[in-house]
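Got some structures for you, see below.
What follows is a pair of complexes built around chain A, which joins chain B in one and chain C in the other.
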Partner chain A sequence: MSAVAHREAASGGLWSRMSLGQKQVIWAWSFLAVPLVFYVVIRFWPTFQAFYLSVTDWTITKPAAFVGLENYWRLFEDPLFWQVFRNTFMYLILGTPISLLISFLVAYYLDRVRFMHSFIRALYFLPFLTTAAAMAWVWRWFYQPVPIGVINDVLSSFGIPQQPFLRSTSQALPAVLAPAVWAGLGFQIIIFLAGLRAIPVTYYEAARIDGLSEGAILRKITLPLLKPTLVFLVVFSSIGFLRIFDQVYNINTNDPGGPLNSTKPLVLMIYQTAFSSYEMGYAAAQTVVLFVILLVISLVQLRLMRDR
Partner chain B sequence: MRFGHMLASVAFGFATLASTGAKAVEIEYWQYVFDTRVKAMNQLIAKFQEANPDIKVKQTTFPYADYQTKVAAAILAGQGPDVVQLFYGWTDNFIAGKMIRPLRAEAFPAAEIERDFFPIVSAMKRGNEYYGLPTAVRSLALFYNKKAFKDAGLDPNNPPKTIDELVAAAEKTVKRDGSGNIVSAGMTLDMGGQDHQWWREVLIRQFGGAPYTENDTKVAYNDEAGLKALTFYTDLQKKHKIGQAGFMDEGQAAFRAGLAAMTIDGTFRLGSFGTIKAFEWGVTELPANAQGVRSNYASYFANAITTKAEGEKLAAAEKFLKYVSSPEAMKVWMEVVGELPARREVALTPENVAHPVYGPFLKGLEYAHTTLFKDEAAQRQVAIDMANRVLIGGEDPKTSLAKAAEAEQAIIDRAKR
Partner chain C sequence: MKAAASSHGLAMPHIRPGRIVAWTLLFIGGVIMVTPLLFMLSTSLKDASQVYDLRVIPEAPTLDNYVEILGDGRFTRWLINSTIVAVIVTLSNVFFDSLVGYTLAKFRFRGRYIIFIAILSTLMIPTEMLVLPWYLMASQFGWIDSYWGIMFPGMMTAFGTFLMKQFFEGVPDDFLEAARIDGLNEFTIWWKIAMPLVTPALSALAIFTFLGNWTAFFWPLIVTTSAELYTLPVGLSSFAVEQSIQWEKIMTGASIATLPTLIIFLFLQRYIVRGVMLAGLKG
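On to the complex of A and B.
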């Protein structure tokens, strides 16, 4: 009885001997621990698990055996991987500049429009709210040959020969990319608008008093001050295009990534390896490669675009 | 006193548990979600439980997309079903993962199975043991739009019987606009649909070859017959211009919309085509070649007993499997789901064979083949790509065929490891 009381007094003593600052730290950490533990268990643990799986031959039904770097060698020797690799970078190289250019132009001019500003902004944002799967299905029908494909109907009514779009190895990737760019525009426009609004009006006033042309204002004031926004959007949209999946998968469900793998991105290859062929080890190796690519590209971009 | 009371109630509790345990063995049955299949299975379970009051069957269903993963994960964790439905093509995988057990020969004698079921059931046989039995089977047939036939001056009650007649009928029914674009196809070309099965198990054989040898582990179509079959298929678009891959997105969509006069599809499409109001359609056997050689592709979902079922549950599972593959269950399944019975005597009744819709599918079962896929999706992709290389890439069929054979052999070899 007395021992318990003694211990209570001692622990109470320890707590009461702490400063307010120390107590605050303990409280803060005990609250932070919950999301931290959650994050470690839900995100980091599976990530490490994926690294481990990538050196095994696990197939769900057969127990995993260590195979060393075999999955990686197989991947680098697989012509499909290199094609998919090229496709993934095509999505990035075409998608990021095109979408940023369009969204900047729209934001730049929308910023000056007062008439129905919010309505127009909402219109641009709407596609971003739409499910990628639903959007892909609608575009899939746009691209059909006559008599049901809207685009080809228009083309042939002008006497232009109909285009194969999704049934062509050269046109399919841009055709898949178009709805993806379109869907992302709304978000990028909003961010650009916020960036533009954050530039103090006084700079512009001063420039105009000094007689600078609109072009010079854009080059000397708007763009440099927009750099943090630009860096964020470049990194964000690059990651988005490197991870493109649902647009591609849904626009061609019968031959995902086709025709002849011309639109297949890395994420889709991973998905098919894991959940269609059940080669989990091989899929994990692909995931690790994607992870490294994403990491390197993000780091390079941040380094190139950071303030000097 | 209070303690004594508690002990008594605990003892009573155990006694009740034990007695209900003795009264009813509960087994679990898993299949994927498909409205009519679930409904049919519920009816079968009710009837089975009526006849076997000491067994309770619990049905669990999942969306098809996650089905295989979930079954594998559950059984390996020592949970999940006692009786499970699986696609015949997954059998190797399930055996390798020690998920399903061979049927005991005393309960399911092989001789009886081979006598009563259609020969395609052999796809569930490994060595001398069967690993599962189907309730229903599916086969392919040629669907044709009677209205389109009539409009083109063809007899809607005399569909093509040979592949030459098929091409001729398609040439008559195809419609093109001024610039030569197809606006209504004579026949659908859709390798992603059922055409890859048609090419693999039907056309190759009709041109004198065989798709595989050595129990479907060696690709054998990279020869004269395979080349003829592929050329025949791609010529439908390139030479005869009676259809176009990708037209209306999917073959079945084109047919449904009344924009294709003919399509090859399976029994599982009957439900969807049954709702077509705009035109009348008919079904006929897949066309024969000039020498009268016919073939078909049949597939099925089988029911198997898992390794989890032991002791009295195993006995109950065996009873249940026997019931769901009984003639009675097959009749229920055919009425509710519209799939063909897997037993000859139930399927080939004079009434069924004369049936305008079921008849052609049933006749196909007698000479159907069942491909032992290692990875169905990947092997189908090989066929899709093979056709696309010719149709889109303009590659010559011989080269494309050789590439396909090599790619498919690699898939099969990897699965064998």
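On to the complex of A and C.
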């Protein structure tokens, strides 16, 4: 804040003649000066640049030349893109409802539990604090065939046949999704618990006096009052699943994206296009598509949830 | 009378069987949740010959894997890198996000609303879209393979700014007016008067920023090319690829990456849980 002090000293008369309101304005802009530069240079400018790059043929070696919408046409004709598009939505369509259902059930019952409440809560919360890249390796190990893989060992001890998991085109995507759901549950449970606790006890008391069953209380009081929490979690976790990368990249490093690209999400495609093939312009077009998908999904969800 | 009272106290309070079932299921679910972490830790304490023995308590626990991995120096380096990056970015966010949040909440000036909307609008832009321009910027300015290169995109966040603005709006103007009358300048009022009133929000912001940067993978993977500058997640990933099937080594690396945040949680559990709730509800 020495800049302000200097100005004050240099133009002492002027500063002392200013009204409190004028001084406030100067303070406000001097507080905002550095952050504004940051937001312009690190956020706004790169945003426009990303749009611009998406209509160029920029590669690492070649300077960017304008090519119109060519990158987008190429993308929409690329069968890999549609495969990736389908995978990305599978992560969303499976991940969001499954994780929200589990976390709501846990939070709903945990809210009523007093005995060892915070210990049990901690058990569910701990995976949220882990590093996704590290946990992908733990789960990768679990999915190995016998005698290495824990899950197949357990299955075989029950006489259930071996499962290929990461080696199968149909099982690989759910297998990659599992650690993502697992790591996210703790956060969702905590948010649900906060939402449940925010509902006034008097509502429940009144409902019980009226003779409502537990199921009716859940349907008519708990769920409607929990709607803002639910909207937040649906949008937040959907964005998370649409942007999945760390788990997918690490769980199958020899063939990122799984057998026949069966687990490859859009962000991994972007990464490979940009940093393995060095087709930066093409990758930029993919990031714009990701942006549009995220925007549309968030807006549609907010709309649907508000109407209901 | 006394005896009756005490025997009543000793008797089991009336608990419906449904409650006991619910508690048991919750407990079992919780144990399943931490099972992957238990297996990771237990395998990190086994030598290569015990890896296929899937007992959770190792027969002959050993710290050899840790000694070997930490001894080769790379993990120590990555631990230091991750700590430096996460701490500096967290401090920067705590300072700037709250400064901007405070200014937008407590000052009246033209353009305030536009600036707020502009900052908020950056929340809609996914990081992945900015990564290519950032990479271009980093290579032009020589920031590839530097701490600054890893840190610069996250030095301020719209999320943190929005969170802090919400909390500063709850600070009564009278407090600030009283300080103004006492002749404190605006910077001191913010730093000495307003900031201490929002410490729960500051700790929430600090927890989220630290955790986010400690576990960050995508951007550090892109902006670092030499192993010297890797952060822990990126380093672990490259280490695990090179270990191929030595799972006890990989689990030790994964434990080293994970244990710091788990240990911090054990000490700060109350603050962390409260912080997550605050950020989730207001953010």
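Everything that follows uses one rule, which is that the second predicted complex is superposed on the first by the 275 of 308 C-alpha atoms of A that agree within 3 Å, B and C clash if a C-alpha of one lies under 4 Å from a C-alpha of the other, contacts with A are read in each partner's own complex, and residues count from 1 in each chain.
FYI, contacts are C-beta pairs under 8 Å (C-beta built on N, C-alpha and C of every residue); 3 or more make two chains touch, one makes a residue touch a chain.
Just so it is clear, the model here is predicted, and its values are computed rather than measured.
Trainee: If you tally the residues of chain A touched by each partner, is the higher count for chain B or for chain C?
Mentor: Result: the larger residue contact count on chain A belongs to C.
Trainee: Identify the partner contact of A:267: answer first if only chain B is touched, second if only chain C is, both if each is, neither if none is.
Mentor: second
Trainee: A:275 contacts which: chain B (first), chain C (second), both, neither?
Mentor: A:275: touches chain B and chain C.
Trainee: Who does A:187 touch here: chain B (first), chain C (second), both, or neither?
Mentor: second
Trainee: Tell me the contact category for A:145 with respect to chain B and chain C: first, second, both or neither.
Mentor: first
Trainee: Under the stated touch criterion, which partner chain does A:255 make contact with: chain B (first), chain C (second), both, or neither?
Mentor: A:255: touches chain B, not chain C.
Trainee: If we overlay the two complexes on their shared chain A, which of chain B and chain C does A:166 touch? Say first, second, both or neither.
Mentor: first
Trainee: Pick out the shared contact residues on chain A: the ones touching chain B in one complex and chain C in the other.
Mentor: On chain A, the residues that contact chain B in one structure and chain C in the other are 141, 147-148, 275.
Trainee: Hey, which residues of chain A end up touching chain B in the complex?
Mentor: The touching residues are 59-62, 140-141, 144-148, 156, 161-162, 164, 166-169, 254-255, 258-261, 272, 275-278.
Trainee: With touch defined as at the start, can you tell me which chain A residues reach chain C in the complex?
Mentor: Chain A residues touching chain C: 1, 4, 20-21, 23-25, 27-29, 31-32, 34-36, 38-39, 42-47, 49-50, 53, 106, 109-110, 112-113, 115-116, 118, 120-127, 129-135, 137-139, 141-142, 147-148, 150, 153, 179, 182, 185-187, 190-191, 193-195, 198, 229, 232, 239, 243, 245-246, 249-250, 253, 267, 270-271, 274-275, 280, 283-284, 287-288, 290-291, 294-295, 298.
Trainee: Touching residues of chain C toward chain A in the complex: what are they?
Mentor: Residues in contact with chain A: 19, 22-23, 25-27, 29-31, 33-34, 36-37, 39-40, 43, 51-52, 54, 96, 99-100, 102-103, 107-110, 112, 115, 118-119, 122, 124-126, 128-137, 152-153, 155-156, 158, 180, 185-187, 190, 211, 214-215, 217-218, 221-222, 232-234, 236-237, 240-241, 245, 247, 250-251, 253-254, 257-258, 261-262, 265, 269, 273, 276-277, 280-281.
Trainee: Taking the complex as given, what residues does chain B use to touch chain A?
Mentor: Per the stated touch rule, the residues are 68-69, 72-73, 76, 93-94, 96-97, 99, 177, 179, 181-183, 190, 192-193, 244-250, 259, 375, 377-378, 381, 384-385, 388-389, 392-393.
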